[in-house]
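Below, each structure is written out as structure tokens.
In what follows, subunit A forms one complex with subunit B and a second complex with subunit C.
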Partner chain A sequence: MNIKKIMHVENLTHFYGSQIGCEDINFDLYKGEILGIVGESGSGKSTLLKCLSGEIYPSSGKINISLEQGGVKDFLSLPEQEKRQLMRSMWGIVHQNPRDGLNLRISAGGNIAERLLNVSEKNYSHLRNTGKYWMEKTEMDSDRIDEFPIGFSGGMQQRLQISKILSSNPQIVFMDEPTGGLDVSVQAKILDTIKSIVRDINVTMIIVTHDLAVVRFLTDKLLVMKDGIVVETGLTDRVLDDPQHSYTQLLTSSILQV
Partner chain B sequence: MKTGFNFAYLDEATKRMIRRKILKAVCIPGYQCPFGGREMPLAYGWGTGGIQVTASIIGKEDILKVIDQGADDTTNAVSIKNFFKRVCNIMTTDKTAEASLIQTRHRIPETTLNKDQIIVYQVPQPEPLRKLEPKEKETRKLHAYKEYALMHVKLYEEISQFGSVIKTWAYPVETNNRYITDPTPIPKFDNPKMNNMEALQLFGAGREKRIYAIPPYTKVKSLDFDDHPFEIQTWDECCSICGSTKSYLDEIIINNEGEKNFICSDTDFCNSNLEKNK
Partner chain C sequence: MKIIELKNVNKKFILHNQKGTVLNVLNNINLEIKTGECIALVGKSGIGKSTFLKMLYGNYLPSSGEINIYNNNNKINIVNSLEHQIINLRKYFIGYVSQFLRVLPRVPTIEIVSDTLKQQSLFDEHSLIKIKKLLSELNIQESMWNLSPLTFSGGEQQRVNLAKTLIGNYSILLLDEPTASLDDINKSIVIDMIKSKLKKNVTIIVIVHDNKIRNEICTREINLEKYIPNDN
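Up next, the complex of A and B:
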């Protein structure tokens, strides 16, 4: 089977002044693959994610992306308009704090509709049905479609954010600590939901987290970062079961065994 | 004519600056051009933008009509008319058909405008996205990149909450398939008149210092959904003065018992309709 490469990252480096953000990052991302980026706070995970999602412009390096309609493009040289368009339809970010990804002044259905309206969907009942479909898909009560997310629990808000992003059938989803700030039982439920959906719709994802349980559960491939560089990379199970680098060994041994 | 003023109050350099902005606005229908708005001898919100646009394009031969909510005889309309009479010594009129230049607040006259006329709107808030996106820098990008999902989300919200779009005035339009434009606080009843209008439409916002325009014969489409098409207001009643069933009606409470009457908001239309029916 020929699996399509959809992102190629080469020597990606970003400095904040003289401070290293991330340095010399290389990886390939294939269609349907879920890539985890783990590391401690300040290791450059979020910087890397911001570079990849176009939020900041890296100091040097190359990001090539394959577009759905075919052809390879240099992501960094895309005009701002195309980057924004990409972020609004073909790509999507799930923020750690759902308040960053949702508009709390508009209803749950309106939030999902915004995403679809970006891809020129102008039929009200279709917007409505898609909204309900995705709310059910993320195990929310679709009767609450007209309620405002401000009245939702943290877990519900996160589910809504995920359904908003997935509703436009994106090519790549970036998740920044999708379960951070939620209690453990809700975390587990959301991870279950994400897992069942990604297998279902074959979406490609990059997940940034410091939670090894999340990467073990969801990801295929892993980048372990420390002080801005990738110290170890490989298949998730291999890295977690047979860690080579001393930092990865420390990381895996620090999981609390109950 | 009062002496000590330049013709039409503004100095020639200012008028030229405003005319340049008007030309730019006409070239890019619906695009909001910033301009160096001047202080005018009336308060912001009373039509400082419209009055500057009018002052910069008015000529000695022009016949001016000013309306406020459709009426020729309200304070704002009368004051602005008197102002131009004083500083330009020009003719004014109440008849829509006779006017070559019409300055308006909140209405488009019922009488169809022709290609020899110019209509100037007074604009309180030129940015249709302002209440949806507070950052000016961001709204400019949204316009530049044609990212107008927010506007439809607003309509979506109204349909989901109330069953239909409840916005009845300043109903957003798409000009020439490109820019989303605020038609100023005119009732949505008037929106269809903007489409393919023969007259040039100019919009001046004094406080916000923006000018935009819709050239003659330009497509102006009110935003809607495929399955919730745009509709204008309708009334079961007719005008209690002239009996018109086609014009925009104002509801007027006439006594303490709460009885009400409906009359045309466009006074010129109402009067001429009455003449005709006599």
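Up next, the complex of A and C:
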């Protein structure tokens, strides 16, 4: 069986002035894979995610992207306009704080439609049906499609943000601490929702989190970061259960038991 | 036909944060397992039976050597394969029942078992009947099917853990003490299920302490004593 490689990252490095953000990152991402990036705060994981998702331009390195229609593009050397178009149509970013990814002054349905309009979907009833479909898929009440997300709970807002991003069928989804600001009771349910959607639509994802329980349940493979570099990489349960690097051993042995 | 092959496999653990202690566990394992065999792993507690099983599943990384899994004409060395290749192998080919159930909180038992079939793309309109039958056979009461197993007793959790893997269509099953916390009635039910898997030519590697069970189901024993490193 041959699975398509959709992202190839080579020697990716970013400096903030003379300060290292992330250094010499290398990995491949295949279709349907869920990659977790873990590490303590300041380890460079969010910098790496921002470089990968196009939010910041790295100091050096290479990101090759395989296009849906075939062919490979060198993402960093694309003209700005083409880059923006790729990001809008092929990628989706789920922010830690749903308010960063939603427009709270338009309805839930409007938020989802906004994303779909970017990929040139214009038929009103189709937009509305897709909105309802995704709200139901993320276990929201689709009767609330005309309500404003400002009145939703944090968990509901996060579900709406996930609906919005997934509705346009992105090739890669980037998630930054997707359950970071939520109560544990809501967190488990959202993880389960994300997991079942992932299986249904075979989406490829990169998730940044400091929560090892989240990566164990959601991700296939891991990059463990410390001081801007990747210290260990591999199959998620292998890295967590049989960590090789001293920092990974420290990280996995520091989890408090409830 | 060989289905699993270990070549010069060594396993040691280096505990960097505990004064760099090196635990040299298993040395120089060379062996082959054929399709349809039921292998019992034996040796005293702490010798590395679970470690052996976990290496076969790709969960532990051998310090050196090769572990080849043969799927028809495909050979996969799980020591150096890409992550998605191992995940694919685990989805369709190798099932593993750990000693303890590990699931997401608040997910009902019936969904946990269904999930295996969904992953294998085998879930259809007959699946629920099949799942319910299996749960009933394992004496998990109907009133518990829609509850999360996390609040179940040890024996019940173990049976859910078994159901989750036995429902699937795997060619290799790795079972880590599958009957440890079961009473005699449930033990013999599980043994019958293992036997019916063997009839379907599934290859099974099992850690089981009960001699009687071992004699009843296993075709061969692998004693790990002979892989103890000399320096221990």
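Points to keep in mind about this one:
The rule we apply is simple: the second predicted complex is superposed on the first by the 258 of 258 C-alpha atoms of A that agree within 3 Å, B and C clash if a C-alpha of one lies under 4 Å from a C-alpha of the other, contacts with A are read in each partner's own complex, and residues count from 1 in each chain.
In this section, a residue touches a chain if its C-beta (ideal position, glycine included) is under 8 Å from a C-beta of that chain, and two chains touch if they have at least 3 such contacts.
On a predicted model such as this, the values are computed, not experimentally measured, just so you know.
Look at A:Gln69: by the touch rule set out above, it reaches neither subunit B nor subunit C.
In the superposition on chain A, A:Asn202 contacts neither subunit B nor subunit C.
Residue contacts after overlaying the shared chain place A:Ser41 against neither subunit B nor subunit C.
In the superposed model, A:Gln19 lies in contact with neither subunit B nor subunit C. Judged by the touch definition given at the top, the superposed model places A:Ser77 against neither subunit B nor subunit C. Overlap of the subunit B and subunit C contact sets on subunit A: empty, with no shared residue. Of all the residues in subunit A, the ones that touch subunit C in their complex are 1, 3, 28, 30, 32-33, 188-189, 191-192, 195, 199, 217, 220-221, 234-235, 237-238, 241-242, 244-246, 249-250, 253. On the subunit C side of its complex with subunit A, the touching residues are 13-17, 54, 58-61, 82-84, 86-88, 104-107, 118-119.
By the touch rule above, subunit A contacts subunit B in their complex via residues 80-81, 84-85, 88, 103, 106-107, 109-110, 113-115, 117-118, 122-125, 127-128, 145-146.
Residues 141, 144-145, 147, 149-150, 152-153, 156-157, 159-161, 225-228 of subunit B are the ones touching subunit A in the complex.
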